[in-house]
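These are the structures, in structure tokens.
Next come two complexes built around chain A: one with chain B, the other with chain C.
Here is the complex of A and B:
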């Protein structure tokens, strides 16, 4: 590897801040330009991008491949819903949807990371935890499964997720445009925060652990603490995204935990590449666009294509589809340039 | 007395069920260090082949055989097209076979439709006191034991098993003796797939056949093999026995969902205590 990705120290350049600001302003201008349906789609892409980014952060920069970001995503959604319905307010439930998944991540992460289990086992355990939560949630259809005053409804999910109340104006809730603004701003904040984290001292230790765990330990860093920290951060982000997802669709269901959802997240990250934090966002947007475009023309069609993408991407694009294509384009460009230069020499 | 017999039956049944759905995965993982996340879908394919064969008037027992051969050949195809590019990249294999699993679910849904089919289980119902159990489940238990012992004998006492084990231990040395490791890998993967297909056919009369049935098995199969550790067969037997007992008893006392959740929780705790599986500390065995 020529340069160690994401390891440059110090604060990001001014150009980067400018780019973030421009993109954010452009995105915030969108509600004036597009109709309601595209806006709804873009909001969900922004929300799912948060999950995608949490996975990209964990896998690409710390070297932990979690198959269970959906566990935190789903838990966040359910936490928000149950708390909001019980306490009749939405600000604290939103916070709870960050804290509870983070706690779950802390517990599972402690088991896995302090158990020093291998990569494979870590992936398997995160997968299994997701399955447990999904199974448990699906089994709660009876009327005895109640938290506070909320029935969990098992398979059918909870279709009455409250919209987010605006804390400073009484009785008003966020409408469609409001949810869009909220999700885009949250995405931007989390992106900037993760980027700053990665460029801090802690972030550089993350990357060092990804590059060589043992060497990081020999240099005196307790890699377990750092890995656990990263795992908890990613869990919190995914949980928060789950709550936003509930707000977005006013609906949570056990499908949020499902294996196909976990596979989706990995496909986003693999397609977008995990060498940058933006990659997973781009991957998520692309795949979501593709899924919508394919629609439900034939049952199973979308899953067939997702499966093919995953297989091909893993075999042929080890660094992710977009980064690999970028590399290819750069090589081709250099090739063309050098041939052009040679041609010029000959003609002289 | 009846209670004891019923609990014993439950435990034995859970054990056999686990052995069936794990054996193919265990052979492939233990021998080749390849995790096949599409294991559940291989089971599903076996069940479908059996289903189609039975519908066409083939006898159930012959359908088992057809399912084993068909899924075995499919496994060889998968090894040639996908897996062989990924040896040594264990996480990538996991991801690629996950893609395969999604692909197979989608493909089967398109070809066969999303409905659940059923194969009538032969032999009707048997009674232990007041409890009725499908008599076919005793056949399933017997077949699980036959397969387990057969695979053990094949690995331990035949020349093919010796060659396979030798190649897995040291491919370069095997190649020096004139045994092409690529072929051995291919055939081992095919053998594991055939076992899985056979398992799918065997459980089909009890579980029903649908494109998404694989999901119900994958978690159990996975944790059992992983918790079993490096010794393929001993690991599968001991982990199946442990998890089978837990799931059998909890199923009997409460619900089958809770039984499964208990198994998965125990598996997680077990991996914390024994990170390299139950047989991780064993010095020898297969």
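Here is the complex of A and C:
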């Protein structure tokens, strides 16, 4: 049976806007309903979801599997921290945490994509980049490693990341609830922006390149430009998330660049599914929730259990949780419809 | 005498020690319909891939409308007006038929116009009923039509078709011959084919490739009478 998916570009349906609005409003009501600890957890999930979504966008829609979103995530975190501590303000550093990672993505993306290296090598190189950055950052414990007035502190990271100053109210910084609002709103904005992008001509070409790069070129699209654009966008989003992460915990460390962090991102995307933008968000929330729940339940062996969950997800929800649920809902709906039709025939 | 549209000069392609194309001089006029034949491994597909920059020539030049395109990128060549249907179908399996055709049309035409082109092609190729189906779920013949449609949507000046009737039913082959004649009203075509009846149907001049060289160039009737051609086809029953 042919699967039918009729997306034809243009603007998303009104239904979709409504759903986004409802979820966003519900999320913004949460601080009135839950305590500080859950709010803290939800904030970090929203922030990490941004990285997860950047990976899902790149891998699921453009066909570029990056192992190195952590390179941009970490760079964004450090950029914000170093700039904010040096210049004693936070708005421009937040912007810098978007621009600098985007530039890094532009440079390494340019060499990889215009150098026409294969997809596999691209994945490996992104991994190498993040591991180099991690090693380099870990090696900065000496007092000579200073940027402006800020010591990089090597292994230990920087535990004095400034909270975000609210630009219009003098001297006030964003509190825990404020960070929650900011994270959720940013997640919503990035989600909507990516969705609109994917529905534009450019976004449709992204998908064409994912499906068949060669054919896209034979149709006259310079696939390198499109891939580079996508890579830079994903880098910028991950960098921004890194800054928010620093703001959230007032802490950045070389772990942000690490292999385990990078693997986590892939796991979120695999579990949530990469054929929708919501999938990576759900994957991130689910895994983070389970990790915390298992941790609190003091089962020990959290890693082993998470491994089993990953295997389970891969085997039973091959395309990821969200797409599989979507398939299930469609099947159920067809079933109901066909039964309805049969019922009608009988009664005639 | 009509104007030359495409010219290859002393074209050569080596794969390691193999000379897949070993010095080809080739000319095609504007509006011409040409068939390329030759036994398996003669170098027909390699020739097509060099014309569209999917492969780089080892030496020699390619000129299109008098302009040297030897070193251009595939997307530039596509935009100059050469469209290709590869031997192995090259389509977008994971997206609907409509979307694939739209991507082709939209590479040249603004949104509204592209939509018009897509509807026209859906109708012309009788794909309207399956426009929402994912290309990957279609039968081989239908995927060929989709690729055909994508090439048509580009409105190229030169259309290259590498074995367009492979895996098609008798009726589909007849429709393809018709379509080729129709397309030939607006574009020049080079068609690689093994089906001799089909070549007689579309009544094209024939170029015979053999071991990376052009063996002869003539009408189908003369080619079939030629002793050298008979010789190279001997024992390769599938090609007759």
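Everything below uses one rule, namely that the second predicted complex is superposed on the first by the 295 of 348 C-alpha atoms of A that agree within 3 Å, B and C clash if a C-alpha of one lies under 4 Å from a C-alpha of the other, contacts with A are read in each partner's own complex, and residues count from 1 in each chain.
The rule is short, and it goes like this: a contact is a pair of C-beta atoms (placed from the backbone, for glycine too) under 8 Å apart; a residue touches a chain by one contact, two chains touch by 3 or more.
In this text the structure is predicted, and so the values were computed from the model without any measurement.
The partner of chain A that touches more of its residues, comparing chain B with chain C, is B.
Judged by the touch definition given at the top, the superposed model places A:331 against neither chain B nor chain C. Of the two partner chains placed around the shared chain by superposition, neither chain B nor chain C is touched by A:196. By the touch criterion stated above, A:259 is placed in contact with chain B alone, chain C being left untouched.
Of the two partner chains placed by superposition, A:34 touches none, neither chain B nor chain C.
In the superposed model, A:19 makes contact with neither chain B nor chain C.
Contacts of chain A with chain B, set against its contacts with chain C after fitting on chain A, share not one residue. Chain A contributes residues 65, 111-112, 115-121, 123-125, 127-129, 131-132, 135-136, 138-139, 259-260, 263, 266, 270, 298-315, 318 to its touches with chain B in the complex.
Put simply, chain C touches chain A in their complex at residues 52, 54, 73-75, 78-79, 83-84, 90-96, 98-100, 102-104, 106-108, 111, 130, 132-134, 137-138, 150, 154. On the chain B side of its complex with chain A, the touching residues are 35, 82, 85-86, 90-92, 94-96, 98-110, 114, 211, 215, 218-219, 222-223, 226, 255, 257-258, 260-261, 264-265, 267-269, 271-272, 275. Residues of chain A that touch chain C in their complex: 2-9, 201, 204-205, 207-208, 210-212, 214-223.
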